[in-house]
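The two complexes that follow have chain A in common; it is paired with chain B in the first and with chain C in the second.
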Partner chain A sequence: MSRPVPGSGDGRPTSSSSSVPERQGGGIADFLAPLGGFGVTFATMFRKVLTEEYPEVKRPTEARYHGRHQLNRHPDGLEKCIGCELCAWACPADAILVEGASNDDTPIAEGGTGRFSPGERFGRVYQINYLRCIFCGLCIEACPTRALTMTNVYELADNNRGDLIFTKDQLLAPVQEGMLPSPHPMVDGMEERDYYLGKVTGSTREQEAWAHDHADEVASLESNRR
Partner chain B sequence: MTTQHTASDPYATSSADETFAEGAAVFNASGGDWDDLVDEATSLHEERIVVNMGPQHPSTHGVLRLILELDGESVTETRAGIGYLHTGIEKNMEFRTWTQGVTFCTRMDYLTPMFQETAFCLAVEKLLGITDQIPERASVIRVLMMELTRLSSHLVALATGGLEMGATTVMTVGFRERERILSIIEMITGLRMNNAYIRPGGVAQDLPRGVYDKIRDTMPQLRRGLRELELLLVENPILKGRTVDVGFLDLTGCMALGVTGPILRSAGLPHDLRKSAPYCGYEDYDFDVITRDTCDAYGRLRIRIDEMHQSLRIIEQATAKLQAHAPGSPVMVADKKIAWPAQLAIGTDGQGNSLDHIREIMGESMESLIHHFKLVTEGFRVPPGQVYVAVESAKGELGCHAVSDGGTRPFRVHFRDPSFNNLQAVAAMCEGGQMADVIVAVASIDPVMGGVDR
Partner chain C sequence: MGIEEKLPAGFLLSTIEGLAGYMRKSSMWPATFGLACCAIEMMAVGTPDYDIARFGMERFSATPRQADLMIVAGRVSQKMAPVVRQVYDQMPNPKWVISMGVCASSGGMFNNYAIVQGVDHIIPVDIYLPGCPPRPEMLLNAIITLHEQIQAMPLGVNREEAARVAEAAALAATPTHAMKGLLA
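On to the complex of A and B.
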């Protein structure tokens, strides 16, 4: 079989493959070398299979894995998000929508809209579009309050666009032991800075009493928002 | 077939179709004898066929379209059609800050994300004039990540190349070994591909605890996997029959076409930017530039295998250097007006900015908070000018030409992707060869269309 090769008259490259320094193994080794692949095939039959049995067996990711986002709470249950939109600014894919609003300490019965986070502002609307998100993690690096973190949850597939835009209620972390669901007042005697200095360790009696007394108002606030 | 047709039937055969041009050969799909047909075709003395191969073809290495002119089984002319994976990355980068640009350029050649990131960051740092201020640890981490990426890229080159020649086992072995590397990369960056880990000024975060052990445990497994690949490939008579003297491109051809990487080194020129124009401290590592003089697909395959061994050597040296560093050595430039202001930490709530960093910016230092906001929203300003920085990617010389007009976003960023330039050689390699050798030649170029089209 002769193949014409452009630029060489005899149809063969001028430097032949014999000039390659091959392993010099002697007659028998040279003879057996082409059979090495069979050895690999044979030995593989006795090796552990590395196939991942997903979805039956779910391999945990590395701790740093960039998975689904989560909006965190302070130890007393107030939201950490202050609606500053830094995550949305940092996002190179324009996947995040934030609308901030002012916290309102006026009693809800008098038309107040409630306090959701310590300080002035909170994230009223928070959406992450997982059709746009590229999981680069710039948003969590941008967040100045550790409100936004990335978990290791990676099963985010769905069959329609609408369900892949995650809203605040889906992203917000669940209320844990010692927390009270927002809205509720800040810890008595604490200011915003104290939350970031780690002085708040959980909800107080006063906050619990407030939540107990104002449960109906909070519920009406939520139904009004809907 | 009927000659009677009405205006209401637009698909009816027109009478013009039935009057054939004088002397033209007519082939009917039904009736007659095959021998008659062949005789008729032979009498025309015309065996020239134009075949469109791709862009959706399993063995064209992605969405590459090849237009082949065939004379029987021989290829008389080859043209590469590209652009099917154009995503406008370079243009998009002009509308993002310099830091955000990393998340885009990492997606160009998706098998070598670290190289694009490093090339881009080196270019930005050169524009900023802070090349000397990059912490040594950041440079060593970059080298580590690049060599891991080189390994995984070469493994995919061999795996898909083998698959395209029909060797499924080579593919499974190659991807199995690559998985080990991706696991290390996932541990360090949090992502397997498209990492956006290397940033202007350093790297996103320091290595996690336990990564040295993981690398140390993986090295022997990788060596074993490479050994298996060598046993499967190097002396395999079928593989040698398919690759030796196939895809021939000598040094003159390489130089004329701007070809770099394993293809150039298979022509005997020991050109490797890690040696000839070191960056990231590559001059401090002990490794060899692999060359061969066969100028063919087999030589390139052997070069890739040997380069992986060299990469393993560099990874071991880089790991030793990193372990020698004092704990807490910086991985980001000290200049607070440039350094990306994140200190990530992992907690029960996932990964986010560390509570220490939060305490500093929100509770203690207004200056830090201002820097944080300025850098995230606006980014840093880069002095006007233009630079070209090149790194030795797994595929060849990967260059980044960055132009700044003094703003917080690039005026223009152009990447010289090695796959793009190397793909020029496809015609020179394939013309005059056999149809089946086209696949081998393209596999030996190892183009990644994400990088070619950008």
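On to the complex of A and C.
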């Protein structure tokens, strides 16, 4: 055993196994020790900053992130939602409210209520209460027409409960190039299934002419819709 | 509070309002009030990755008497409700409340007898933050929204006027039990 015995020898400080706290080095080393500590601080100044500069620089979320919802449209602008309420049934938090209504092809001037989606029904009322929604995505899985999807938008804080119930006009996808805002008739010669087979690629000239001719009627319809 | 409460309405008061709002919003101290899983995200906001200290919130205060922001992070059970209220009452004025996550804001998916259906049944809430749980950026966004609210906070006679207007509006509003909306 080469281990030194504490207290033995010529009275010099003994090494590690001593019960007395050991002091390495002399006066100069003691003096410089705090500087060594600051060295760590100083070196950190040159390291890459991890902090996310949130309001100025936003780190993008994953593409699959569950953000707020969006109600999609067909390429000609008709809504994909058919008012089936499967999303509302699937919702574990009861955050979704849907009220369906029938599409109506009778002219609006004769008391028709307009066509909002291809096929029979559309979602007349669509509300999501974001103070109940837990962003689980079960509604998206339940949706039979891919009408409801989730975006990556997450900035939803507000100062009252009422404004966090999003209505259909807030949830509907914006009208994009080649689309016409609903209501308007379906593409001529197409039936409901053709919309789902991808045969409709955008609004037609007939639809645009219809929308142009019936703008006033549609506007009057919008006002008494809610 | 101080002399600013005695100032007459005018440019002097509005200047002090702006200054006080700036001071208040940039020196808030949150009280630690984690109740459930949202607290994990709230703690994440305190880490260097998100660094809540950038907004003047140097630390989470362990005593409510040194805090002026309460982040209710998680579901509030009926049993916890009086505790939440007491912690709120112990905080000195001016004080603010962020209701973090859907459970604190409305009960969320726990629509049952054990959970308070929104912490605003117990304490006044300034910011509601959806999410289950909200990601740290969402909490930072809520804090920034609250900052804007604090910056615009009136003082003195202006505050009394604002309080009168708010009270009149609240008295004129439809009471919650009489609301016939589609979603509650």
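What we mean here is this: the second predicted complex is superposed on the first by the 179 of 226 C-alpha atoms of A that agree within 3 Å, B and C clash if a C-alpha of one lies under 4 Å from a C-alpha of the other, contacts with A are read in each partner's own complex, and residues count from 1 in each chain.
Here is the rule we use: a residue touches a chain if its C-beta (ideal position, glycine included) is under 8 Å from a C-beta of that chain, and two chains touch if they have at least 3 such contacts.
Since we're looking at a predicted model, the values are computed, not measured.
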{"item": "Which superposed partner A:168 touches (first chain B, second chain C, both, neither)", "value": "neither"}
{"item": "First, second, both or neither for A:124, with chain B first and chain C second", "value": "neither"}
{"item": "Comparison of chain B and chain C by chain A residues contacted", "value": "B"}
{"item": "Which superposed partner A:149 touches (first chain B, second chain C, both, neither)", "value": "first"}
{"item": "Partner chain(s) touched by A:50 [first = chain B, second = chain C, both, neither]", "value": "both"}
{"item": "Partner chain(s) touched by A:160 [first = chain B, second = chain C, both, neither]", "value": "second"}
{"item": "First, second, both or neither for A:34, with chain B first and chain C second", "value": "first"}
{"item": "Touched partner set for A:138, first chain B, second chain C, both or neither", "value": "first"}
{"item": "Partner chain(s) touched by A:92 [first = chain B, second = chain C, both, neither]", "value": "both"}
{"item": "Shared chain A contacts, counted only where both chain B and chain C touch the same residue", "value": "50, 61, 92-93, 134-136"}
{"item": "In the complex with chain C, residue positions of chain A that touch it", "value": "50-52, 54-55, 58-59, 61, 92-95, 97, 99, 125, 127, 129-136, 154-161, 164-165"}
{"item": "Touching residues (chain side chain C, partner chain A) in the complex", "value": "48-51, 54, 102, 105-109, 111, 118, 120, 126-132, 134-135, 137-138, 140-142, 144-145, 149, 181-184"}
{"item": "Chain A residues within the chain B interface of the complex", "value": "3-8, 12-17, 19-20, 33-34, 36-37, 39-41, 50, 61-67, 70, 72, 84, 86, 89-90, 92-93, 134-138, 140-146, 148-152, 173, 193, 196-198"}
{"item": "Interfacial residue positions of chain B with respect to chain A in the complex", "value": "74, 96, 99-100, 103-104, 169, 173, 176, 179, 183, 186-191, 194, 196, 204, 208, 228, 230-237, 244-245, 248, 250, 252-253, 292-296, 298-299, 302, 340, 342, 344, 346-347, 349-355, 358-359, 361-364, 369, 372-373, 376-377, 428, 431-434, 437"}
